[in-house]
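Each of the next two complexes has chain A plus one other chain: chain B in the first, chain C in the second.
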Partner chain A sequence: MTLKKWLLVLALLTPGLGLIVALIGVAVYIAIAQSFGFYNLSGESGFSLEFWDRMLDRKVFNRAVAYSIYVGVISSFLSVLFAYPLAIWLRKPFPGSLAIGAMLKAPLLVHGLVAAFLFINVIAYHGVLNQLMQGLGLWDEPQRLQNDRNAIGVLLLQTWKNMPFALLLLTGAVQSISDDVLNAARDLGAGSFARFRKVIVPLTVSAMQAALIIIFIGALADFSFQVIAGPTNRQSLSQLMVFFKSSGRWNDAAVVGVSLMIIAIVGSGLLAALTRFTMRGRVA
Partner chain B sequence: MSGISARSLKMEFGDFVAVRDVSFEVGSGEFVTLLGPSGCGKTTLLKMISGFLTPTGGEIHLAGENVTRTPPEKRDTALCFQSYALFPHLTVLENLEFGLRQKKVPLTDRKERLDAVIGNLDLSLHLSKLPNQLSGGQQQRVALGRALVMRPNVILFDEPLSNLDAKLRDQVRIEIRRIQQDFGLTAIYVTHDQAEALAMSDRVFVMNGGRIEQADTPEELYSAPKTSFVADFIGSANVLDAEITSANGNGEIELSTALGPLVARADTPPKGSRVKICWRPEHADLSANGKNRLTARVSHRAFQGHFTDLHVEASGAEYRVQTSKPAIREGDTVTFSLQPEQIVLLEAMA
Partner chain C sequence: MTAARLNQVLLCLLLGLTAIWLIVPFTMAVLWSLVDPSEPWTADRLLPPVMSFYRWVDMWLNSSLQTALVNSYVLAPSAALAALLLSMPTAYALGRIRFPGREVCKILALLPLIVPPFVTSIFFTSLLYQLGLHSWRFGAILFAHAIVFMPYAIRIMTVSFEQVRTDHIDAARDLGASAWARWQVAYLPALKPGIFASLLIVFIQSIEEFAIAFIVGSPDFTTIPTLLYGTLGQDFVRPNAAVLSLILVVPNVVLMLILERLLKSANPALSSGKG
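Let's look at the complex of A and B:
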C-alpha cells in the first residue's frame, strides 16, 4: 500500500477508532503517570516510586489482587463451562431453539446493578429462597446468604451475567464445525465426550479464548456485584480504587488502576497460553 | 460372512417416505453401488447402513449381526464422506491415527496398519501436513486411508469423487477399486454418476423414489433393463409404448407401436399385453439390412468424434440414433433397422 493510501485509511479511521484510541490512551497515560507521582492533585508532582512501594506493602491491596483474580478466573471458567453444552445443544435449529437462545442471552441486556439487587432480594434473610427452603422443610431457620465470605454470590452473578456472552461466541464457533467432521469422528469410534474433547474444543478454542479473556477482564474489574453482593471482609481492586479516589488519594487509586491493567494483560496472556497448552497446539 | 443384509428397510421423515421397503444382500468382498437421481434415497440408505439414521422399519445385519439400532461408533463400518471430513486441526498422520486411538488398538498393531495404508496410498511425504495443505486428490486419499486403516468389515462411500476434476476422478476411481480388491473389503458406494457406477461395481442398485428398481451387474443393467426408468437412467434409451399383437413359443414377439409393427425377442414372457419397450441409440443399424426397418427424418445432428448423435423424428415423436457415418445432415431422411433381440421389453403399462 502506498503512503497516500495509508494516510487515507488513517483519515477514515480517525473519527471512530481514533477517538477511542485517543480517549483510552489519555486515560492510560494519566493513570500510569499518576501512579509514579505525576499529576498529584494534593501535593507536589514529580517522579516517585513511593506510591507503588507503599501500595505493594499493604495487606488490603494484596488481598484485593488475590480476590479479584479469584473472581475473574472462576467466573470466566464457569461461564465457558456452562456455555459449551448449551452451544452444542443449540448448534442445530429445533422448534423453540430461537426462543431458548434469546432467553439465555437475556442477561446481557440486564444491568449488573439491577441483577445484583434482584439477587439480594432472592437470597435475603427473609427472602424468597429462605422462605422456600423453610417451607420445604430443608432448613429449620433462615440462613444468612448475603455477602458470603467465599463470594459465591458474586460468582453466581458473574456467571449468570457473562455466560450469555460466552454462549454467543461459542455458538457461532460450534455452528461452524461441519456435520461431516463430527460424523467422521463418530464413525471412527469417538463417543460424545471424545468428540467434544478431540474435535469440538480444538476447533472452537479461539472463541473459547476470546470468551475467557473478555469475561476475565470484566469480572476482574467488577465493582457493582462486589459492592452489593460481595463479601464484606475483603475488597475487589476496583472497590479499592474507588475507595482511594473517594478519599482524594488519586495517586494510590492510579496504582490500583494500573495494577488492574497489568493483571488484566498478564492474566489474559496466561489464559490464552493455558488453553493452547492444554490443547498441545492442536487447535484450528 | 462379512456382508450386509437388509430386510424391508423403511425411513420416514414425517409424511415423507425417503426409503420404502428396501431389501438386499451384499456378499463379502462385493462392490455395490447405489445409483440414482438426487432425492431417490441412496444417501439415506447409506446413512442407515452406517448408523447415522435409525430406520423407521426393517432390519440391517452386518456380518450376521443385527445392527439396526447400533450407533455408528459401535459399528464395524467406515464411511468416506463426500466432503472428505478430515479433521482440520490434525496432521495427516493424526487423521489416520484418530480411529485407531479411539478403538485403543495396540501400538504395534497400530504402526503396522498405518505403515500398510501409508505405503499403499503413497502418503509418506504428506504425514506432517495439515489437510488444508493438500490437494483435493491427496485429501481424498487421506480420507480413504483413515477409513481403510480401521480394517472395517464394510466400507461405505458417499459420492467421494464429486469434488474432484474429471481426470483426477478417473485416477481415484481406479485406486478405490484396487484398494477395495486388495483389502477384500465389502463396499457400498453412493453416486449419481452412472459412468462411475458402471465402471467400478460388481453390482449396481438403481434407486428411484426410495425403492431399488433393479439390482444387477452393470452389463445386465445396460443390456436388459427391467423398467423404463432404469433404461433411461443407464445410458440413453429410446422408450416407447407397445401393444403385443402375438407371441410365438420361440420367444419372438410381435408388437404394435407408434413407429409401426416391430418384432422383439424375449426369453421371459411379457408381463402384460401393453408394455413399455426400449432400444439403445447405438443399436440402430443405418445399413438397414435387418428386421424392424424404420424411416425417420434427422432433426438435429451432433458430431461426437467417434460417432455422430442423431435426433430423428418419426410418427410425431423424437428418438436418438447413433451412427459412425458423419455425412448425414439435418433434414436428411434415414432408414435404419433394429435386431429383435436389441428391443427390450420393460414393465407392463397400467
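Let's look at the complex of A and C:
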C-alpha cells in the first residue's frame, strides 16, 4: 500500500472508528486515572493508592464484587442452559416453529426497565402470583416476594431477558450442523445424549462461548434490575459506582468502575477457558 | 410417542408457558394503566372495579411525559442520523478497501458494546466536567448516543458496502458517469436497505438507552426511560408506571418488526435489480 492510500484509509476511519476509540478510550483512561487520584474534580490531584487501599477494605465493596459475580455467572449459565434444548428442538422447521421462535425471542424487544416493572407487578404482595397460590390453597397468606434476599428475582429477570439472545446465537450454530454428521453419529450407535455431548456441543462451542461471555458482562454490570427487583441489603457494582458518583466521590466511583472492567475481562477469559477445557480433545 | 406427537405436546406446553411469560404480565400492565383513582383495585377483585383513561390523560397533562417524549423523539432520530453519517466513511474503508489491520479495526469498532454502559457514561460525564461542558446536556447525550451506537451502523453499512457490485460501478464509469452519478446508480440502490436498517436500529437503541441519559442528563433532562425509572423508584405509583411502560414498549415492538423485514430484504441482488 502506498502512503497516499494509507492516508486515505486513515482519513476515512477518523470520523467513525476514530471517534469511537477516542470516546471509549478517554472514558476508560479517565476511570483508571481517577482511581489513582488524578483528575480530581475537588482538591489536589496526584498519584495515590489511597482510594484502592481504602476501597479494598470496605465490606460493601467486597460484597458488591461477590454479588455481581454471582448474578453474572448464574444468569449466563441459566440462559445458555435453557437455550440449548430449545435451539436443538427448533433446528428443523415444523408447523408452528416460526411462531414459537418469535414468541421466545419477544423479550429481546422489551426494555429492561419495562421487564422489571412487569415482573414486580406479577410478584407483588397483592399480585397475580400471590392470588393464584392462595387460590390453589398452596399458601395461606400472601408472601413478600419482591427484593428477595437471594436475588432470585434478579436472576429470573436476567434469564428472561437474556435467554432469547443465547437462543438466537445457538439456533444459528445448531442449524449449521449438517444432517449427515448427526446421521453418521446415529449410525455409529450414539444415543441422543451422546450426540449432544460429542457432536452438537463441540460444533457449537464458539456460539456458546459468545453467549456466555456477552450475557456475563451484561449481567455483571446490571443496574436497573438490581435497583428495582434486587435485594435491598446489597448492591451491584454498577449501583455502587452510581452511588459514589452521585455523592461526588469520583475517585471511589473510578475504583469500582475499573474493578468492574477487570472482573469483566478476567471473567470472560475464565469462561472461555472453562468451555474450552471441558471440551478438551473434542473440538477440532 | 412419535416425533410429531411429541412436538405437538411440547408445542402446547410452550405456548402455555409463553402465555404466562408474555400475555399475563402485559395484560396486568394494561389493566393497571386503566385503574380509575376513584376506586382502588384491591386484591380481592379479578378486574379493576372502575376503568378509565384517567391515568393516561393525567400523565399526559401533569407529568414531564410530554417533555420526555419530545426529548426522546428528537434525540433518537438525530442520533440515528449522526451515527449513520459518521459511520459511512469507516464502513466504506472496511467494506471496499483491503488494508492490513482491517479485521482489528472491525473488532475495535465493537468497543462501545463491550465496556459496561455505566462506566462509559460516568466517566464521559467526568470528562464533560473537566472540559466545563456538563451543562450542555442534550448535545452531550446526542454525541454519546451517536458514538456508542455507531458499532451497529458500521457493521451493517460495512456489509452493505461489501455487497455493492464492482461490475455495476465499472459499467457506470465506462458509460461516462460522474462520481455523483456512479454513487446514485451503483452504490445507493445496494446501500438503501442497510441505510434504513442502521437508522432504525440506532433510533431504537437511543430511545431505549438508560445509562447515559440518566447519568449525563440528571437531574433536569428527562427521556422516557429515565422518567419510567423515576416512577419506579421513590414515588412508585403503579398505574403511572404502567402507562409509561406501555408508551415505551409498544412503538419499539412495531419498529423492531419493521427492522426485521428490512434486514431480510437487505439483499443487494434484489435492490439493484439484478440476480
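Please note the rule applied: the second predicted complex is superposed on the first by the 268 of 284 C-alpha atoms of A that agree within 3 Å, B and C clash if a C-alpha of one lies under 4 Å from a C-alpha of the other, contacts with A are read in each partner's own complex, and residues count from 1 in each chain.
The rule is short, and it goes like this: a residue touches a chain if its C-beta (ideal position, glycine included) is under 8 Å from a C-beta of that chain, and two chains touch if they have at least 3 such contacts.
Remember, it's a predicted structure, so these values are computed and weren't measured experimentally.
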(request) Specify the outcome, clash or fit, for chain B and chain C once both structures are aligned onto chain A. (result) fit
(message) With both complexes superposed on chain A, which partner does A:V21 reach: first (chain B), second (chain C), both or neither?
(response) second
(request) Between chain B and chain C, pick out the one touching the greater number of residues of chain A. (result) C
(message) On the A-aligned overlay, A:G112 touches which partner chain: chain B = first, chain C = second, or both, or neither?
(response) second
(request) Could you read off the angle at the CA centre of chain A, spanning the centres of chain B and chain C, to the nearest 10°? (result) 90
(message) For A:A151, using the defined touch cut-off, is the partner it touches chain B, chain C, both, or neither? Pick first, second, both or neither.
(response) neither
(request) Scan A:I123 for contacts with chain B and chain C and give back first, second, both or neither. (result) neither
(message) Touch test for A:A184: chain B only (first), chain C only (second), both, or neither?
(response) first
(message) Touch test for A:I88: chain B only (first), chain C only (second), both, or neither?
(response) neither
(request) Give me, in Å and rounded to a whole number, the least C-alpha distance separating chain B from chain C in the superposition. (result) 10
(message) Taking the touch rule as given, give the residues of chain B at its contact with chain A in the complex, in rising order.
(response) 50, 52, 71-74, 77-79, 81-90, 94, 98-99, 102-103, 146, 150
(request) Under the touch definition given earlier, write down the residues of chain A that touch chain C in their complex. (result) 1, 5-6, 8-9, 11-17, 19-21, 23-24, 26-28, 30-31, 34, 39, 41, 89, 94, 96, 100, 103-104, 106-107, 109-114, 116-119, 121-122, 126-128, 130-131, 142, 160, 217, 220-221, 223-224, 227-228, 238, 241-242, 245, 250, 253-254, 257, 260-261, 264
(message) Applying the document's contact rule, which stretches of chain A touch chain B when the two form their complex?
(response) 178, 180-181, 183-191, 194, 198-199, 202-203, 282-284
(message) Help me check something: in the complex, which residues belonging to chain C touch chain A?
(response) 4, 7, 10-11, 14-15, 18, 21-22, 24-26, 28-29, 32, 42-43, 86-93, 97, 99-100, 105, 108-109, 111-112, 114-120, 122-127, 129-130, 144, 147-148, 150-151, 154, 208, 210-211, 215, 225, 228-229, 232-233, 238, 241-242, 245, 248-249, 252-253, 256
